[in-house]
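Below are two complexes that have chain A in common, paired first with chain B and then with chain C.
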Partner chain A sequence: MSKQGVSNAAPESRDSLLKRFIAATEIDTRMLGMVAALFAVWCAFDIYSGILRPNTGLFGGAFLTPRNLWTLLVQTSSIAVMSTGMVLIIVMRHIDLSIGSMLSLVAVAGAVLQVFILGPSIGVGHPVIWIAAILACLALGTFIGALNGFLTAYAQIPAFIVTLGGLIAYSGVAFLLAKGVTVAPMDKTFKIIGGGVPASWLGPFWSWALAIVVCVLIFLGIVGGRRQRQRFGFKLRPVWGEATLIAIGSAAVLGATAVLTSYPWPFGLIKQYAEENNIPIPAGVENPDGDAICMVGEKVVRCTEGLIYYTGFAVPVLIALGVGVVMTFIATRTRFGRYVYAIGGNPEAADLAGIDTKKMTVKVFALMGFLVGISAVIASARLDAATNALGQLNELFVIAAAVIGGTSLAGGIGTIYGAILGALMMQSIQSGMALLNLPAAFQNIVVGTVLVFAVYVDQFYRRRVK
Partner chain B sequence: MRKTLTLAALLAASVSNYALAEGKTIAVSWKTFQEERWKTDEAAIKSAVEAAGNTYISTDAQGSAQKQAADIEGLISQKPDVILVVAFDSDAILPSIQAISNAGIKSIAYDVQFEDPNALYITFDNVGVGRIIAEEIQKVKPEGNYAFIKGDKGDPNATFLFQGMMEVLKDGLDSGKIVNVCETFTDGWKPDNAQKNMEQCLTSTDNKVDAVLSENDGMASGVVAALEAQGMAGIPVGGQDGDLAAINRVALGTQTVSVWKNATDLGVTAAAAAIALADGVAMDQIEGVGKFSGGKNGVEMNSILLAPTPITKSNIDVAISAGHISKEQACAGVAAGTVAACD
Partner chain C sequence: MSTPLVELRNMSISFGGIKAVDDVSIDLFPGEVVGLLGHNGAGKSTLIKILSGAYRRDRGHIFINGEEAHISNPRDAKNFGIETIYQTLALADNVDAAANLYLGRELRTRWGTLDDAAMEAEARKVMGRLNPNFKRFKEPAKSLSGGQRQSVAIARAVLFNAKILIMDEPTAALGPQETQMVAELIHELKRQGLGIFLIDHDIHAVKALCDRAAVMKNGQLVGVVKVDDVTEDDLLGMIILGKQPDKAA
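Let's turn to the complex of A and B:
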């Protein structure tokens, strides 16, 4: 079979190396472009922040450090989760403007349940609390999403209007629900989902275990895909192409794991943890720049050699990645996903072909609501509080992430991984500029410009491909 | 909204009935009831006005400068003795204030300033709030790296608060005892934005931050969450508003001070001043009136500036005994013996 692969590649041998590489691996060039742009932005921030205030980053700045990249991923997770649902909504030629308000409503409802209702009645810290709060958030999100979908599909009100109404109305409900006050603090176990406490960090052992499992899955997936193609007599990728894909995929997973597992716990938390669990702290030499802790006489100080823990993957990031994988599967491998793209490509044709487009609309909006529920849990757990201000204007970032990720507002086109990369891009720009201490007005200008520019590049690219 | 409208209509109807009754009529033009605090203000004014045997009437502009202008015309036609105005837009309101004066009615600028020399301006000392936050933080951390989490760039209060902080910290900053390591505006005063800004501040300074001055309590919740994730919770953090969650943080020790503007105090003071004006007391003869010219155009006005209350671990009982927060809420999760008010 490998011979067939080689013979496939042969006629293209006059093409450039890059073209042959892309043809052999079947990598989406748009994704390649986005990843390249993301790296360029990261490097630029690192260089610039290094000029302002030298740090330990790749180019001497504070951006490309394990700590900042770790924080960046945690900061992105809430928006990333919602952007995967927004892709399907936009692909179906709808829009959901209500998700920001929906997030505040769901988060406030979950918080009120924990803090005002269950906390006093069954005792703060009872395990029922966090489970009930999560289930309530997911159920409420799904319900509101389904309501949006129902009004759009059966009452035939344009989604723009339904969700614009929701944008205004849901934030009002959120306000009334909490009477305008900040609801805090969250349940201790619930907080783990936010990524702000040591219990939500996987640590090096489990992070590496997970990474290896994922690498094995990538290998099996590609081998399985090849078998499938053979079975149906489809054109195969050359073996070196398959091997390169496995190598790139594994390298990305292992590289990310290596970076994240080299971010040590903050100094204060190591000390706290050691004291709470009676872990002996070794004696050592003080070094204020070290990440470990040690004893000098009776005092606990920072040092290079001593007790140290590393963070690894954080729970919200794992949730976002999990959602990304599941949503990709739903979008590309299930009948549901096929229908979504079919409806987006041509709603009339899909309807005539026997797809119940109304039911599909309700389902897609309900799925969006479910994802908002997840994000509401992440966002309120991370802030350790919920207010009616939480999540406001998130819809704009989520739509921007989907669009930057290549989702076409004309419908029918869009990928989940693109939206996640788009979310990462938006957050990178914001975090990077906050790191440089740039004024907020300037940040808004840049984010807005990037959005328009990204769509322009995308259009340009599409025209050229045609 | 419909409910508020019916309520306003009912109030208006009841006024025409009572217009012949004894006593004075005190009117209030509210800008909005979207934020909960205005309900507290209204309850205080209404009960003080009615307790003195006078009539209270009001309108709600629902966050629109246009509606507020129409509201005030309506109020003028009901011939009250004094109109208190919470201006939605402090410039657009000026013609309406002129109309009030022309009708021979006294006006009070309640909490939001508009620059008309004929009006009495009653508010909390906003620059003072910033000053108190800075003073309380400086008390516990006289030197070190300070981070400033400011409010929305479009809100003049964000700048007033910062001015107050700088007045107090100027000497320390000039002598190098205090270093300003981060200073950021926060879009929409949002806690989650404040959290991200604080995280980036900690990253860029490698956690070398000794105190954080946040311009309100909502943002302080984001700041404390960011500090907790770095095991730094407990360093001095200042905020304002007297948020219930913030008072709990003060009791827990993760926030040093929350400057509390007691809306009931403001309402009671304003009602007393309005009644005095209605009784014909000259504006500069009212108790506590001084001159204020710190506005945008520097117009000198008679004003009453109330001092806000800093709530720290040592005086949480003040907020509890004022009925602002219950002891359970203030002391949730507080270990016995750490805070006097909780034992």
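Let's turn to the complex of A and C:
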């Protein structure tokens, strides 16, 4: 065994570097495992797709490219947003099977409001439209969620049954509302939330500015936490542990920003933007693999050197990250969150401690509904349309994301970041297989298998840790 | 005589035809410890759960300081200063000891967020008095031993300046030293003027700690006696035969 050069604690130096690292940073080993698994999946897809058809990815494939990672994040946001609410529902020993249908219903309602009601009456594009549509989606989602919660808590119908009924009934309502057709197009400003238009991309400058702000917040958060523990004279993490945490957090933020800010706008959009804003397009040499645009004679063509814009963070991804932060705060720092976990751990004890478990049930389901409202806005804005099938099967992906992320169906255990990582994992596997042109049937088989396997690994891990 | 702190009048509750508590009346004065005795299934826990708001009575009235108290859930009871240590040690297994201590009454920062550090510090203080060996504040209650869980439950009841304390077999999981500590705690709280209902199987302990003892059998009250007026055998007789001893009747 190699000896550390400087070490004042003899027994500690025997532990592996990883063990000391985990002890010093108090990092959640489960999360470490998930991140490693996610990264392994990404690498595997990149290597395999590179063998089939070489591309610009980290390992020569098409997966670890800015374009694919950017798309992956945008595609994950809707499911990720809802999975954070599902964590709390499952922690409280309930389930919500209705969210897919609820999403369709809310999205269709929002679309009908924009396209058939407000558009014709106050004029297409009026700023009231997108605000009213968003508020309507959030309010309707919250209301339906509260209804689910009310039936579960006060009518004492098991949540499984209430929301199974909702799964069937809400999609019926969505169908009637949409009259079976696709409701489109969405309001121009509303579409920004979907991440499909240039206005919803932050661009390099603001992306980097945001990244730096987040790094500062990480620093302040860790230092503040340390102060708090100092105030009461509790045991502190070693300084190098805290420093490592700050370094890792900042590196992750900056790395993600670097990747996302190097994904250029699609060719057609750069051209359109330049023409609309009278930006001169420089002359250059055509290169069909280039991402910039330039003029060759009278024609606008692709080239390596020329006019180019980069996307950076997209609005739906920012929303998902924001929801993740707020939900983590709610789950860990507020009385509401504490009660959710206590009720999940022992409903009777929570009741005897004076917690109004029924009211809490209504609130948690209402919160779930609110998040479905957000996702409904994201999904319909992204598609630029709403149909009664928009949220189909979303409930299963959301539950799977929460469970892969370590939420225990027995209640009481689950983390927000775990669910978000779970959502990312599910979407990665699907995108990766789509990239490899594997048939949809095969994709389903793999996703289903991964879900079961992830729960098996999780249980094995928990038994070991105890 | 002064007004009783608690007066339970004609308490009745049944579960699916079984009369778990049948027309029981009992009172408790400030600074008094009343022991509840009886076989398993006699209805002791059920009776006190009515007072603590966990069960809703079918019939009967509760008076606190002479005024009728409407208690229909645990929150109501806590508002009357009634704290309970349940036989089942109602703890949330997945949250830590400090969080369990403050469950339902969390300390918060001035921004309204949980002040976990303050709760932990406070918990360390209280537990330092009650069970100085206790160190596992940050671990989920699940990982605690029976005795440790018991001390968390006791600490929770005494932390919030109760006026009426209900202890349902508080020493069941404790070793001799910790049991002694609970006995001292009861003396101390009694001195402070609390009224205490103590359910205990140990007749010896009831005689030592209580002022009066109430004996129940099959949901009914056999009788209430001053412990100094009876012998342990008398109490045993009441429990087994369900009859008042002749001299105390």
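Assume the second predicted complex is superposed on the first by the 453 of 466 C-alpha atoms of A that agree within 3 Å, B and C clash if a C-alpha of one lies under 4 Å from a C-alpha of the other, contacts with A are read in each partner's own complex, and residues count from 1 in each chain.
By definition in this document, contacts are C-beta pairs under 8 Å (C-beta built on N, C-alpha and C of every residue); 3 or more make two chains touch, one makes a residue touch a chain.
What you see is a predicted model; the values in this text were computed from it and never measured.
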More chain A residues in contact [chain B versus chain C]: B
First (chain B), second (chain C), both or neither touched by A:Gln272: first
First (chain B), second (chain C), both or neither touched by A:Gly180: first
Which superposed partner A:Ala40 touches (first chain B, second chain C, both, neither): neither
Which of chain B and chain C A:Ala199 touches, first, second, both or neither: neither
Set intersection of chain A contacts, chain C complex versus chain B complex: none
Footprint of chain A on chain C - complex, ascending: 52, 54, 73-75, 78, 84, 86, 88, 90-95, 99, 103-106, 108, 112-114, 117-118, 120-121, 140-141
Contact set on chain A toward chain B in their complex: 49, 53, 55, 62, 65, 67-68, 71, 75, 120, 124, 175, 179-185, 194-197, 265-272, 379, 382-385, 387, 389-393, 430-431, 434-435, 437, 439-441, 444
Contacting residues of chain B [partner chain A, same complex]: 34-37, 153, 182-192, 195-197, 199-201, 203-207, 217-218, 221-222, 224-225, 228-232, 243-246, 248, 328, 332-333
Interface residues, chain A side, partner chain C - complex: 228-229, 231-232, 234, 329, 332-335, 338, 341-346, 348-356, 412-413
